[in-house]
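Attaching a single structure in C-alpha cells format; questions to follow.
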C-alpha cells in the first residue's frame, strides 16, 4: 500500500467522472474506480474499465448489484406503494443507497478512507450517497468535487472539461451530449436539466428510451397475471403466450419489457428536492408502474381497511425518507419493518391489461382476502342484519346532531 | 295539509322507488317524490314526473342541482386531490350530500317530518343520505325500507317487486335489467353487484357508458390547457380547435366529453365500505380524471413542499370523511376550510394530452410558482452556494452517525 | 347439559348484575356467573360467589387475571405512553378486553352461546366488551339488558331494582350508594355520573380511594429508581428504604402504593365517548402516572427522534383504538407490533421523586442512549464542526427565501 | 452613514456578546446593539445600554416586545397546546422569532445588511434566529462568530474571553458564572450545559428562579377561574382575593406569579435538537403550565372530537416547526391559520387549583360546549335510544368477525 490517501470514486465512464478521476490523482490521491451495474441500458462496462485503467485508476471494481437492487430496495418499495409526492416512483432514490453501500464495502475492503462522486451540488443524489456513506462508515471522508470551489470554479462549463480532458489524454465522448441530463438503471430513466428546465417546455419524442411512444405501441394489449406473496410479486405470467417469470430480477425485467412495449410509465412532473428547490423531471418506469398498480390492487383486496390506513401513513413517510436519502436511518429501518409486517397477508393474483400507456386492472383473487362475496352480495343476505345499520347511523349521527343543536342555539342567540 | 304524515322520498323513477312510493302510501303516508337532476345520462325526467304522479305522489319535485354539485362538492374534491383508498374519485360520495341537502330543504319547506330513500341496507349510500339529513335536520325521521323487516322480508327478490308492481299498476321496466347495479351522475357512473360481485370476473365491454373503449378511441390525442385559480379550474381550452369553457358546469361537462371520447377514467377496484365489508366496483370518471391529474400538477408546481405535506394528510382524511358520509360534520367543514386555505396560491395553467385511456402532463406555467428556473439550473449558479450542502449533509448525518456508533458499540459488547 | 340456553354473565355482586342474573333466569337461561379479579379494592370475592350461587347461578367462576392485565395490557400501554385525548390513561379501557377474553374462554369451555353484562347503554364499556367478544367468538350472541326495552323500561330507576330485588330475595346493598358511579381495578378508579354529571361541580374530597389528598400527603418525597428494558419497567427501587420490586404485578402495585401515598394521578376531565357524546370523569391512576412519566423520559432519552415521531403517531392511534374497544382488531394488533418494535432499545434507569401529587424526573442513564455528552457539550468540541451549521441553515432557508421572494413579487404586482 | 458595513448585533450585556461587539468592530463593522426586553428577570437594561455605548456601539436599541411576545407568539402556542416531544413548552423557541423579527426591523430601518448573534454553534437558537432573518430579509448576511473558525479557535474557553475583555476594557462580570447556562424570558427560564450535561446529575435546588421549591411553597392552594374565548385566555380571576387580569401581558405575568409561588412548571428533560443531538434541559414555565392545562380542558370540553383529532395532528407539527425555527415558514403560517380556525368555539371558563407544583382542574363551563348533560346522564334517557348501540356495535364488529373468520380458516388450512 502506498503512502498516498486512497479514494473510491463512483465512476461512470463519462466525461465528468473521468475528469474527476484525473483531478483526484492530481490532488495526490490513489483512485479506485467503482462502477455499479444496475442494469442501466447501453452501458459498455468493459470499455469503461479499460478507460479507468488508462486514466490511472489503481484498481477498478465493476459490480453487478442488480439482484440486491431489485430484492432489497425495489421490492420494499412495491410493498409500500411508494410514490414521492403522489407520482414519482423513486427509481433513482432506491438506486443510490445500494450503490453507496457497495462503494463503502469496497472502501473498507481496500482500506480507503475517502469516497468521491460526481453528483452535482444542487441535486438530491449527493445527499443520498453521502448519508448512506456516513451511516455505514461513520468515519469516512467525502470528496464532492462539484461542491469544492477549487473544482467548480475551474470547471465552469462543459468547454472547461473538454479542455482538461484534451490536456490529460482523457478520451472525449464521441456522441454529442443530449440537451438534458439522464440517470438510468433497470428501474427507470430520469431526464432533467437543459431544455427541460423550462417547466412549460414539452419533453420531446426522442427523449424516451425504455418505452415506446403510445401512439406507436401495439394495438392489442398484453394481459399479465401477477401473483403476490407477502406483498411482493412471486410470479408473472403472460396470459397470451404463457411466458412465466419468478426470479425477482427476471420478473422485474420482464415487466419492463411488457410495460416498455406498451409505452407504460411515462410521467412529467415538478418535484420538490430535499434541499428545498423545485425541479422538473421526466421519468419512464415501465415495469414499476405495472407492479405498483397490481400491488395496490391486491393490497386493498386483502388488507383490513384500518391496517391499510395506518400503513398508508407510514408509506408516505417511507417515500420521503427514501427520496431524501435516509434509507440507512433508524426511522427508515423502523418504517420498513412496520410496512413489511403489514404485508404478511398480502397474497393473491391480479390480472392486468397493459395497453397504450395505461395499466388496467381486470380482476383479482386471493386465498387470504377479507372479501366475502356472500356478505357483500346484493342478492344474498349472508350473515348480516340490515336493521343493525339504523343503529350504526343513529349513533354516528349523535355527534352531528349535537353540533347542529349548538349551531342553531348560537344562531338564535345572535 | 292533511292529517297524514308526510314523507319526502328520493325517487328515481325505477322499479324500486316506484314500489316504495306505493308502499309508503300503503303505510299511511302522504308521499312527496323528489328527484335530483345531477346530470345522470339518459334520464327522462318528464316521464319520471308523470309516473310519480300516476302512482299517487302528492307532489313531485325535480330539481336541477348540477351547478351546486360541481361548484360546492366536486370542486372542493379537486382542490383536495380527493381519492378514496388511492383510487376512487368519490363520484357517488360527493353526490349524496347535495341530494340529501335538497331533499331536506324540500321537507322543511313542505313541513314533512319524514324522509325516505331506496338505498340498500348493505351500502354506503344509506349512511351518506341519513347523516346529511340528521346533520341538517336533527329532528327528522328516516324511513329506509330496505332496512325494515316488514319490507325486505316481503320483497325478497326482483320477482316480488314485479308482482307488487303488477298488483298496484306500477309500470314495469321495458328494458331488461343489466346484470349489475349502476349509479350515474355527471361526475361518474359506478357499477357493482350482480356478476361483478365475483372480484375475479372481468367487467364486460358493454358495461361502460361514459367512456369509449380505448381500443376504439381516436388515434390522435386531444390537448387541453387547463387554467387554475385558487386550486379550481377556471378555463379549459382545446389547443386543437380553440374550444374554451369557463363556467364550472360547462367546463366540467366538456372535460367529460374529451375524457369520454378517449376512454379516460376507467377503474376496477375493491374498496372498503364504511360498514366494514369489502366491495368490488367499476367506475368511469372521465372529466374528473383529467382535472385530478392537472390539479395535482399545478399544486405541486406552486405549493411549498411542507405545506403540501400537511395538506396531503388533511386530504386523506377529507376523502375518508366524504366516503363515509360525513360531509356535514364539524370535521369535514374544518378540513375543507383548511384545504381551501392551502389553495390560495394554486394558480396557473397545465397542458395535458388525453389519449387512449391516459392523461399525459405536457407542461405547466404559473405566475405564482415557487419554481425558480435559475436556482435549479444545472448550467447557471443562481443565488446558490453549493458548498452549503456539505454542512447540510453533515448536520443531517450527525444523528445517523450517532446511531451507527451506538449499534457498533452494542455489537461489540455482545 | 340442560336443554336451556346458557349465558355467561359478567357479574360484580352488586345490585344491577344480581338483578340481571335473576332476570336472565326468568327469561329461561342457565346463568354462569363470571367475576374477574383485577385487583379492584375492597372486593369480597367470597361473598360475591356465595351470593351468585344463592341467586341461582348454575356455576360461578372467579378468576384472578391481574397478572395478564398488567403484563399483556397495561405494559403495552406504558410502551405506547398511551393517553386518550392527552390525559386519560385508559385504566378502564385496558381492563375490558382482558375481562371479555376470559369471559369468552369460559363460555367456550362451558359450551355457552350467550354472553351478558350489566354495562349501561350510553357508555363505552358495552362496546369494549362486545367487540372483544365478537372478535374472539364470532358466533357469540350478546344479551345487554340495559339496551333491551323489556328490561330498561321495566327498571327505570334504582327503586325499581330495589323492588325487584326484594321480590326475588336478592340481598339489598347495606351501604348507601355513593352519588356517583365507580369502576375500579388495580390500575385506576374512575368516577362518573350522578353529581359529577354537572361538569362544573367539583369532585368532593371523599371521592378518592386510591390516593391521599395532596394537602395531607407526606411532606417528604419518595424517590424511586425505575429500570426499563424493551420499554417496560423491570425493576423499581425505593432509594430511601431499598425496597425493590421486579415481578410486573408486584412492581405495579408498589408504584400504586407510592403514588397513592403522595396523592399522585388524580385527573378531572371531560372526554369524548366513542358513541359521540361528551362525558365527565374523574380518575385516579397513581402507579400508572409514575410509570408513564418515567417511560416518557427513558424513551426520549434512548430513541432516535425521527423514530419517536413515527411512534408518537402510532401511539395516538393506539390510544383511540383501545379507548374505542378495538383491542382485538387487526389494526390494534398491527399497532402494538409496531410500537413493540420501537421499544427494543428503550432501556435504562430513570430516577423520579414522588411528592404532593406530582412526579418529578431527577435524572436518567442508559447503556443504549443516543445521548452523547461530549457531542452536546458546550465546553468540548467533540466530533463536531460548527461551521457545518451555516450550510445546514442556508439550505433550510432556501425554501423560505424563495417564498419571501414570491410574496414580495406578489405584493409588488398589486 | 459611514463607508463601513453595519451589523445589528443581538446584544445581551453579558461577557460573550460584549466581546463579540468589540470583535465585530475589530473586523471593521459599525455595530448597532439591539436588546429585546422579553421580561427576562433581573435584567438591568440601563446598565446594558451604557455598557454597549462604552464598548463602541454606534447605536443601541432596547425594545420592549413583551406585548407582541405574549399576544402573537405565546397565545398561538396556547391555542395549539404546543408541547415539543410531549413536554417542553417552547419558551425559548417562541422568543427567537419575535427577537429576530425586531432585529430585522431595526436592520432595515438602519440600512444594515448584516446581523450577528452570540448563539453557540451546537444549539437550536442560531437556527431559529437565522431562519427568521432569512425569511423576513432574504438578502441579509449573518455573522455567527461561534461558527467562524477565526473566532471560535481564538476563544476556546472562558479564560480567553476574560483575557480579551481585560485587554479591551470590557467590564468583567462581577458575579461568578453559574455552573450551567441560562435563557430567560417572561415565559420561562431554561437551564442547560455545565454540570447538567450529565443527564443523571440532578438539577440542584438553587437553580430555579421563577418557581418556589414545592417543599417550601404554601400549604394552601390558589384557585383561579380562567376564561377563554377563541382559545385564548381573556380573563383570570383569583377566587380567593378577587384579583382579576384581562390584558394579555398582565394576565400572563399574573399566572407566572401564582404558578411560581406554588412551584408549578418545573421539568427536567432530554430533548432532541434540530441538528440531531440529544440535549438535557431543565425548564421552569409557571404561568404557561397553568394556561396549558386550562386550555386543554376547555378545548376538550367545547370542541368536536374529530375536529380535535385533526387539530392535535396539526399541533404536533406546529410544535416541531416552532422548535426547529420555522415560525416564518409557509407551513407554519398555514398551520397557525388552521389551528386558529379550530379555536373559534373554544370558549368558556375553567376553574383550577394551583398547589405544590401541580395544577388541578376543578370544573368548567361554557356557553358553547357540545357537552349535553341530559344526553350523557345515567339517570335521564334524553334524546337517545340505547337500542341503537346494538346496531352500532354489530356493524363495527363486522370487520372484526371477518378477520376472525379468515384467521380461523388460515389456522385450519395449516
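Each chain gets a letter, A, B, C and D, in the order it is written, and its residues are counted from 1.
Simple rule for what comes next: contacts are C-beta pairs under 8 Å (C-beta built on N, C-alpha and C of every residue); 3 or more make two chains touch, one makes a residue touch a chain.
Going by UniProt, the chains are A, B, C, D = argininosuccinate synthase.
In this text, all values refer to a predicted model and were calculated from it rather than measured experimentally.
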item: Chains in simultaneous contact with chain B (argininosuccinate synthase) and chain C (argininosuccinate synthase); value: A, D
item: Most widely separated chain from chain A (argininosuccinate synthase), with each centre as the mean of CA atoms; value: C
item: Cα-centroid distance, chain C (argininosuccinate synthase) relative to chain D (argininosuccinate synthase), in whole angstrom; value: 31
item: Distance between the centres, which are taken as Cα means, of chain D (argininosuccinate synthase) and chain A (argininosuccinate synthase), whole angstrom; value: 40
item: Interchain centroid distance [CA atoms averaged], chain B (argininosuccinate synthase)/chain D (argininosuccinate synthase), Å; value: 43
item: Where chain D (argininosuccinate synthase) touches two or more other chains, by residue; value: 275-277, 304-306, 309, 313, 326, 329-330, 369-370, 372, 375, 384, 387, 389-390, 392, 395-396, 398-399, 402-403, 405
item: Of all residues in chain B (argininosuccinate synthase), those that touch chain A (argininosuccinate synthase) in their complex; value: 81, 85-87, 120-122, 126-127, 130-131, 134-136, 138, 142, 144, 146-149, 152, 157, 181, 192-194, 197-203, 214-215, 219-221, 266-273, 275-280, 296-297, 300-301, 305, 308-309, 312-313, 316, 320, 326, 328-330, 351, 355-358, 360-365, 369-373, 375-379, 384, 386-387, 389-390, 392-393, 396-397, 399-401, 403-405
item: Touching residues (chain side chain C (argininosuccinate synthase), partner chain B (argininosuccinate synthase)) in the complex; value: 304-306, 345, 368-370, 372, 375, 383-385, 387-392, 394-396, 398-399, 401-403, 405-406, 410
item: Contact set on chain D (argininosuccinate synthase) toward chain B (argininosuccinate synthase) in their complex; value: 275-277, 304, 306-307, 309-311, 313-314, 317, 326, 329-331, 334-335, 337-338, 341-342, 395-396, 398-399, 402
